[in-house]
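In the two assemblies presented below, chain A is common to both, partnered first by chain B and then by chain C.
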Partner chain A sequence: MSQPRSWRGKAGRTMETQERRWIGRDLKRREDPALVTGKARFTNDVSLPGMLHAAVLRSPHAHARILSIDADAARELPGVHAVLTGRDALELIDPVPCFAAEPVEERAIAVEKVRYNGEAVVAVAADSRYVAEDALGRVRVEWETLEPVADAEAAMEPGAPLVHENLDSNVVYDQTFTFGDVEGDFARADRVIRRRLRWPRAAPAPMEPSGAVCAYDSAAGRMDVWSNTNMLNFVAWTIAGTLKMPPHRVNFHPMYTGGSFGSKHVLGKQVAIAGALSKATGRPVKFMEDRADNLMANDSQGPERVYDAELAVTDEGDLLSLRLHTVDDYGAYFMFAITGNTNMMAQISGPYTISSVETGIKAVLTNKNQQTVFRGAGSDVGNWVLERLVDAAANELGLDGIELRRKNFIQPDQFPYKIPTGNVYDSGNYPAVLELALGHADLDHWRAEQERARAEGRYIGIGIATAQQRSTYFSTEFWFHNPAPATGLTTSPESVRIGIGPTGGLTVTMFSPFWGNSPETVVSQVVAEEFGVDPEEVAVDYDSTMHGLPSAGPGGSRMTVMLSGAVRGAAAKVKKKMFDIAAHLLEASPDDLELADGRVWVKGFPVEERSLSIADIGMKAYWHKLELPEGMEGGLEGSYTYDHPYASMPSDDRTDLGAFYPIMGHACHVAVVEVDAETGRVEFLKYLAAHDVGTVVNPRSLQGQIRGGIAQGIGIALYEEVRYGPEGENLSASLDEYLLPGAPDVPRVEVLHHETPSPFTEYGVKGGGEGGRMVAPPAVTRAVEDALSPLGVKIGALPITPEKILTLTQGREA
Partner chain B sequence: MHQEDIVIVTLKVNGVERPLAVEPRRLLCDALREDLGLTGTNLGCEQGVCGSCTVLVDGESVRSCLMFAVQAGGCEITTVEGLASGETLHPLQAAFWEKQALQCGFCTPGFLMAGVELLRRNPEPDEAGVRAALAGNTCRCTGYEHIVDAVLAAADGAARERTFAEEPEVDVAAEVVAREGR
Partner chain C sequence: MKPPSFRYFAARSADEAVGLLAEHGAGARVLAGGQSLVQEMNARRVAPEVLVDVNPAAELAFVRQENGTLSIGALTRTSQVESDATLDGSLTGLREAAARVGHVAVRNRGTVGGNLAHADPAANLPPVMLALDAEVVARGSGGDRSISAANFFLGPHRTALAPAELLTEVRLPLPPEGAGSAFIEVSRRDRGWGIAGAAAVVALDREGGISDARIGLSGVGPTAVRARPAEEVVIGERPSAELWKAAAGAAAAALDAPPSDVHASGRYRRHLAGVLVARALAAAADRAERRN
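Right after this comes the complex of A and B.
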C-alpha cells in the first residue's frame, strides 16, 4: 500500500487516504431488492414438509423450585406430537454453551428450579403454533416459590438466597485490575472528580426475534438447522454438543437475519428447543420466539451497572488517572462471563493521555434474564462513564469542556499508541475530528439561542462527546479476565472463497450470514477493486457449516475489516493462478503481468492481442488442460482465512492485556436539545456526528449504521430500560413497555467523515458498526444536563425519562 | 380441531381471489404467511405494537397480527408482494432502495405499506407529516432518517409525474401574444 496522503475533500469529509476505484463508492446496496419486495428468506419463512411448530411454557416466578409437572392433558390434545419437560429433555440435549470458567450451568428447559421470570419450563411441538399454545394451557406445574434475588445489592447481602446453589455466593466474579501507577497519579493530582453513575439494563430487541428450524434425520445421523444465529461457523460445534451430536453432522444454514445488535451470537437455547423436539418427534420443528419470549428470555440483555468513578486531575486540566469500581447485575446465568467489562478495557481511557487505570468488577447473579452483549458490548458504558467524568471535571475546574478534551487528546504523531491496559490504538487524528465537527456545529449560534431561551424560561442545552469506537476484537478478550496462565483461544478468523467459472464469472462465498449490514455490497466492492470488474457482475453467496471455513461472524464491528482482508487474501491466490496461466499462454514472466479492467496485460504493452480476459483464462482453467502449465491443477478458485491483523498475548499477571481491540475508530457528537420542563420531553434541535473509521468502503452503508446506532444511543439515554419488579417480575415484556424510539423521536443526523486509515488492515479499513450507539449517550446526557444547568441538575443515571426530568426540575423548584 | 370450527373465507390478495378454510381464531398474518405462502409480511411482536406485519385491507393499513382472517373475508388485501409490477419496483420500493431506507429489512414491508397508505391520503406530506404517519412502525436499524427521505422522495417523484401528466397543452402562440401584449 502506498503512503497515505492528506487532503481536504468536499465539505464534510476530510481524509488521509488514497483514492480507489470501487472502495469508497456510494453504491446502492445489492441486498435491498430482495428485502423491499419481501422475497428475502428469514428464519420464520422456512417451511419444510411435515414441519411442526413449537411453543414454550415460561415460568411465572422469578425463583421457584419445580415440584411436579402434570403434562398428560397436554399430551392428549389432538395435534400435539411431543411435550418435553426439562427432565424429559435430559436424554435429548445437554446444557447450552457457556463460555465462562465459572460452573454456571444453563439448560434450554429448566430442570429443578427456575431462576428468572420467563425461563422455559415445558416445550411442546404440535401441528400448529395455535395447538402448541393450547397444549401449554393444559400443563399444570406445582411450584415451591423461593425468595427472589431481585437486584444486585440484595444479591450481595450476607445470607441472600443463592441463584445457583453450587456457588457459595451470588458474586460470581470479583477482581480489580491495576494498570500503571494509579496510586502515584492520584497522589499527585490536585483534585479527584467523583461520581456515582448508573447505566440501565437494556435489550437489543431487533425487529426479528430469534429462532430455529431443526430437522433431525436419524437414518443419516444428521441434524440440519436453519437459524438466525450469527456466529455459526465459530460456535456451531458447541451447539452440536448441546444437541448431543458430532459437530460435523450438524449443518447450520446461514439465514438472513433481521437485526441482531449482539442478541443472536449463539442462540444455543433456541436451537436446543427446536432440536430436542425434532429428535423427539422425528420431524422438522420450528421454534420462533414471539416478542414476549424475546424480551423475557432471549439471553441478550445489556449491562446494568453502578459505578463509583473517580478521575484524578490537575488544576490545569491534565487528566492523570482513572479509577472505576462497578457492580454489574448479570442476571441468572453467565454465558459470556464478564465480556462486557473486559471489552471496555480496550478503550477505557478514551482518546485521552490518561496514564494509569484501576478497574474493579463485581459480577453479581440475580433472578433476571442473563446479561450477554448489546451493541457496544460494555464499551458504550465505558464511554458514557468517562465522558460524564470529563464533563464533571470541566465543571469543577471551571474549564471549557472542549478545551479540556483538546488538551488531553492523544496526538496524531503518537500512534500506534499503547494505553495503560495494554491495548494499542492503531491510528487516529482526534483534533481533526473535533475540528471537523466544530466546523459544522455552529456553536456560537446555539449558545446565543440558549441564552435567549433561558431569558424566556426555556431550557436549551448543548452536549459534546469525543469518544472511541474500538473495532475488530481478538479472542483473548474472552478469557484474559480469568486468573490463569495465558492459554485461551487466540484466533478470530473470517474466510471467503472466490471462484471464477469457465466464462469468467466471479462468485464469492461467505461463511457468516447477512445480519443487517451490507456484507454482499462490501464484498462485491472489494472484489471489484481487486479484479477490475464491475461489482454488479460479482455473484455473492453464503454457505453452510458443513462446507464452511473458519469464520467468527459479525460482532465487535469486525466484518468490513475482516471480509476486506479475506477477499484480498483469496483474490491474491486466484490472481496468482491467473497470472501463471496467462504467463504460460502469453509466453511472458508472471512478474511482467498486471490485471486491469478485467484483463491480464503484459506491462508496458497495452495491446489487446497480447492480453487475456478473465473469461479467456477461466475457459482454459476449466476446459483446456493441455494448454495449462504442466502439472497445474484444473479450475480457478481460492479461499482464504484471514485472521486478526494485529494482536498479542496478555501477560500472565494481567498488568498488560496485550493488543486485543487495536483497530480504533473515533467520533465527536454534538447534540442540541430543548427540554420541556412542564412535560419532561426532550426535543432535538440539532444532531451532528463526525466519525473516523478509517477508509470508508461504502458511505451510505456506514452512514446508515451511524444514524441507526445514534437512534439506539438516544434510546438508552432517554427511553429504554428493562425493568423488573420487587418480586423479580419482568415489567417490560412487550414493546409497549420496553420503549423503542419512533420516527418522531429521532432527529436528522448530519454525518461527517474523517478518514485516518488503519496501518494494520487491508485498505486501511476500520469497523464502524457500533460507534453511533457508543458515542450518542454521553452527548445526549450532557445536552440535557446543560439545558437544565440553571436548575443545578446533575445527571448520573439513564434513561432520562420524562418522569425523571420532572422529578429533577420540579424537585428543585419545590 | 373439529370440522364445524372451520370457516370458508375468500380473501382477495394482491388482486387474486384466494379461498381458505380456516379456524375462526386464525390470524390474518398467519393465513397470509403460512396458508398463502406470502412470507414478505413479517411478524415483529404479535402484540400489535411494532407495525412490521402491516398490510392494506381495502386500502387501509392494518396490523395483520391483530385481525382474524375471517374478518377480512371479501376484502381486498395488499401485501408487500403486491407492490411491484413484475420486475418493476413500486416507486416507494425504488425510493427505499435508492435512499437505503433499510438495513436488516425485516420491518421494511410494514413501512412500505404504511408509506403507500400515507401517500394515497396525502400525496404531498411534509417531513413532520411523514414522521407522524410512520409513528406506528418501529425500525431498530436505521434511525428513520433514510426512511423519511425515501417517502419524501417518492412523494416528490409522484408529484413531478402528476405535474407532467396534468399539464394542459399550452397554446404557444397565445402565450407569446399574451406576453408581448404586456
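Right after this comes the complex of A and C.
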C-alpha cells in the first residue's frame, strides 16, 4: 500500500450556497442558564445512598522503592471502610489504559516503586473526605529513596537511573522522519536560521478537577460510573478492562465537565481508584481530585521540549526547508505515546510553501507526572517554534516580518494543498486573513507610539503571528509514528440519534458528554436548519455507554464538524421516513414533497390542507399503524454515525503520513505590549485575533472559544510553568505557585472572522477549539521581543517572567 | 484538602475571645477573615485544636481618627480601608496597600488584624505599618499592651503576640500636614502575592525639602523591614530623580539575603526593592508636593 487511499464523507464535497436560517446566527448558548445558575450536575454533585469518600496518600519522593506500608492505624480509625495499598489493589484492578506500543505500565496505586512526587501510594474510603484524609495521616511508609531523574538531559546520560527498569534506557522513543529533499534544500539555501528554543511544561488546570463516583453491584456483576472522563463511547471500554469488568457491564454516565483542555480524555486512574474501593467495600465511592491532586498527578501535563531548530532560507526570503530536533520530557509514563509530536506534523510547515521537513523526536522518561495532551496537543509548540524561526529569519535577512510571511504563504488557488509530511490542507485564504487583521491593527499608529515611547525610555512592542489551527483529527495520528502499529485504528466517529415524538417534539441525543464547549447550541442550530424549526424547540440530551453509539468525543477541535455531519446524516434518515409517511397520506410522490417551516408540503401547492405538520406525522408514526405505508415500522427516529470526512492511510515507509488533520483553520494575531524594563512586567495595549475556521455556526460561542484560548496562550507565554526541583520535587502543586492568568491579566481581545468554507465538511464547518491557545504564544513572544529590540534581546524560552526579562536586558548590558 | 477536626467557639467580644484563648492554651488560634488560616488548615500545614472566631465581636470593627491618631479595629475588613475616603491625603498609601490585598472577595473577608497577625513576609499591610510608625494593641488576660510595629514582626508567621493575646487594634500617628504616602508592589499577576512591595511616607518642609521619610519593604526578608539607609539618603534633600536613584541603591544594598522561590530569585528581589523604593518615594513626594 504505497499510495495513500482516500475517501470522502457521504455527503461529500458540498459548497453550501443556499440561504441558511440558523447556521451562522449569533445565538445565546443554551448551555449557559444551567451553568450560571448552578443547576448543571457535575461529577462532584453526585451523591448516592451509602456513598463513601476517597482520598489518596501521595508519594513525597520523586523516585523511591516502597519497602513496607503500615496502614493498621488508618484501618482502625472509626469511619474508615477500606485502605488499599498498590499490592492490595492488584486483585481488584489492572494497569490503567496505555495507548503506547512501548511496555510502560502504570497502575492507579503504585506497587513496588513510585516514579514521581505525588504518585498514589495508598487509597482510603471513609464516611467523609475529612475522615479519609485523617486516615492518610496515620499511614506509615518505609521508603528506599532512589536517585531521581529530574530532567530529560540527565535522563539521557549513560548510566542514568532508569524510571522503568524493564526498559534499557529512559529514551523511550527515538526517531527521525524525513519528508522531501531536506538535504538538497539546505544545500541550496543561502542561509540557515538556527535557534535553540525551550517550551515549558504546563498544566491544563481546569476549574473542575477530575474524578469519579463508582457503584459496584456484585449481585448483578455491574459497575455504574459517573465520571467527567470524556471519551465515553470510544475508549471507556478500556477502563472497564482496568476495572477487570466486561465492558458491557460497566455503564459510564455522561456528566457535565467543568473544563478539560485535553485533561479528561481517559481518566483510567481516577475511575480505577473509586472502582477498586467500591469493589472492596461494596458501596458507592466518590474520588474527586482536589487542586493538589490535580496539579501533582492528573496525568495531563503538556510538552516540555527543547528544540534545535533550523530554517533554510534564500537571501530573497524564500523559506525552503525545516529541520526540527527535539528532546521531549514525557515524565514517568507514556499513556498516549508521542501523540503530541505526531500532532504537530499535521501543520509543521505552517501556512508556508516550505517544501521539505526533517523532524527528530527523542521522547524521554523522567520522574515527573506524565505528559499527555493539553489544548493544542503539541501543535501549539510547533506554531511557536516555526514563528520564532520566521521572525528570526526576518531579523537576520533584514526583511519585514509581514512581507516575509506574505511572500511565503500558500495561495488560495493551491488548495487542497499537500504539505511535506503528507497531510493535506483542505482550503484557506491566508493573505485575506492577514489583510483582515492588518485592516484593524492600526499598525502605523502603534509604530509611531513605539517611536515616541522609545524616545522617553519606554518599551512598546508589536507582535504578529500567522499560524495554523488544524482541526478534526483522524486516528492514524495515534499510531503512524510506529512502524508496527498495535491497532492500526482507522475510525474517529461521532454519532447522534434524532427522535420525533407523537406530538412532534424533536429530541437529539449525543453520545459524547458536555465538556465545556457548546455542543447543545451547535446541535440545536443544525437540527433547526435541517427541519425548519426554532432551535429553542429542540431538546438535547446525552446518553451513557450502555446505550451508546460510536462517538470519539471532544478532542482535536472536531466536535462542531463531527456533530454537524452526524446531525445531518440522522436528519436525512428521519426526513426520509417523514416524507414516506406524508407521501402515503397526501397521495403524492415523496419526490414531490418539501419540508419548510416545520411542515411537509406538496411542492407547488402551498395550501395547508395539502400539508402535514411534523406533529401530524409524529402522531401517525406512533399511534396510527394502519395509516402508515404497508409494512412500515412504527416510530420516528434515526441515528447516524458520521466518520472523518476526508482522510487517507500513511504509506508503509512513513514518508507520507496521509491526510490525518486536513480540516485546516488559520489565524493572524496582533499583540501590542509595553514592557517595564525596570521590573520586567508586561502590559497589553492591544490584542487582535483574526480567525478563519470555515463556516461559523455560532459567532458568539466561537468568540468565547478564541478568547479563552488566548488567555491560555498568554498563560504559557508569560505565566504558566510546572516546575520541578533538583530532587524531582513538584514546586507547582498549588495555584499560588502554578500561575494562571487572571481576568485583569488578559486584555480585551478584538475577534474577527474570515470564512473559507471547507469543501469536505457539512456546511463547510472547520474546528476552532484550540486556535486561540495555538496562535497567541508566538504573537506575545514577538511583541515582547520587539519591545526590547533596542536592547538586543532575543527570546528563546517561555514563560517570559519578569525576572527573565531583567536577565535578558542585563545580559545585553554585561 | 480538608482540615483535621477542631473545636469551634464564637467570641462575642474581645474579652470573651481573650478568655477563650487563655482557657485553651497554645492549641487555640484566632479565626478572623480566614483567608490565610483556613487555607493552611485545609492543606494540613497547621492543625489548631480550637478556633476562636472573633467575627461576632463587632466592637473590633472600626476606623477612627481622633487627636492626631488613626485607630483601626482588628476586625475591620481590608475592603473597608480600601474604600475609606477619609484616609485620603497623607494616608493614600494605606488605601493603596489595602486595595492590593488579593481580589475583592478576599478583601471583603480578610481583616486588617489578620493581615498583620498572620505576618506573612509578602503581606501588604506590615510594610505600611512600619512606614507609618504604627503600634499594635494586644489584649491579654492582664489587659492591653502596645507593641510598636518595628518590634511586632519576628519572622515568617511569627509575631510578638503571646499565645493567649488577641490583636485588637492598630494605632498610628497621623503623618504631619504636607506629608504624602504611597504603596507600590510588583506581583507576577495583576493581583495575588507580591514579589516585593514598598510603602513610603514623605514629609516636605516649606521650602520643599524632605523633612522626614520612612520606607517599609515587603517580600525581601523573613519579615517586612524598614529601609533606613534609603531614608537617610533622602532626609534633608530636595526631591529629584537622582535622589530616588541613590535611595534605591542604598535600599537594595542594605538588604540581607532576600529570599528565592519559584517566582523570583533573591537577586531579582533585591533589584526590585531598589526600583520600588525609588517609585514609592517619587509617588509619595509628588503627593506631598501637591498637598503643600
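Going forward, the second predicted complex is superposed on the first by the 790 of 814 C-alpha atoms of A that agree within 3 Å, B and C clash if a C-alpha of one lies under 4 Å from a C-alpha of the other, contacts with A are read in each partner's own complex, and residues count from 1 in each chain.
Heads up, the rule we're going with is that a contact is a pair of C-beta atoms (placed from the backbone, for glycine too) under 8 Å apart; a residue touches a chain by one contact, two chains touch by 3 or more.
None of the values given here were measured: they were computed from a predicted structure.
Participant: According to the stated criteria, A:D32 is in contact with first (chain B), second (chain C), both, or neither; which is it?
Facilitator: A:D32 sits against chain B, while chain C stays out of touch.
Participant: A:P744 in the overlay: touching chain B, chain C, both, or neither? Say first, second, both or neither.
Facilitator: Both chain B and chain C are touched by A:P744.
Participant: Once chain A of both complexes is superposed, is A:D541 in touch with chain B (first), chain C (second), both, or neither?
Facilitator: Neither partner.
Participant: For A:E144, select first, second, both or neither according to whether it touches chain B, chain C, the two together, or no partner.
Facilitator: Once the two structures are laid over each other on A, A:E144 reaches no partner at all.
Participant: Output check: A:D290 vs chain B and chain C. Expected answer is one of first, second, both, neither. What do you get?
Facilitator: both
Participant: Using the touch definition from the top, say if A:E157 reaches chain B (first), chain C (second), both or neither.
Facilitator: In the superposition, A:E157 touches no partner, neither chain B nor chain C.
Participant: In the overlay, work out which of chain B or chain C sits against more residues of chain A.
Facilitator: Residues of chain A touched, chain B against chain C: more for B.
Participant: Figure out whether A:D736 sits in contact with chain B (first) or chain C (second), or with both, or with neither.
Facilitator: A:D736 sits against chain B and chain C alike.
Participant: Of the two partner chains, chain B (first) and chain C (second), which one does A:E105 touch, if any: first, second, both, or neither?
Facilitator: neither
Participant: Identify the partner contact of A:Y130: answer first if only chain B is touched, second if only chain C is, both if each is, neither if none is.
Facilitator: both
Participant: Please report the chain A residues shared by its interface with chain B and its interface with chain C.
Facilitator: In chain A, positions 129-130, 290-292, 734, 736, 742, 744 sit in both the chain B and chain C interfaces.
Participant: Tell me, which parts of chain A touch chain B in their complex?
Facilitator: Its residues touching chain B are 28-29, 31-42, 44-45, 47, 78-79, 129-131, 204-209, 256-259, 261, 290-292, 515-518, 700-701, 704-705, 707-712, 734-736, 740, 742-744, 746, 748-749, 772.
Participant: Sort out for me which residues of chain A touch chain C in the complex.
Facilitator: 128-130, 133-134, 137, 290-292, 678-681, 719, 723, 731-732, 734, 736-737, 739, 741-742, 744-745, 801-803, 806
Participant: Could you pull out which chain B residues touch chain A in their complex?
Facilitator: Per the touch definition, chain B meets chain A at residues 1, 23, 25-26, 30, 33-34, 37-47, 49-50, 52, 79-81, 83-84, 89, 93, 96-98, 100, 102-109, 112, 128, 130-132, 134-135, 137-148.
Participant: Can you check the complex and tell me which residues of chain C touch chain A?
Facilitator: Spelled out, the residues of chain C in touch with chain A are 1-5, 43-44, 103, 186, 188-193, 195, 262-265, 268, 271-272, 275.
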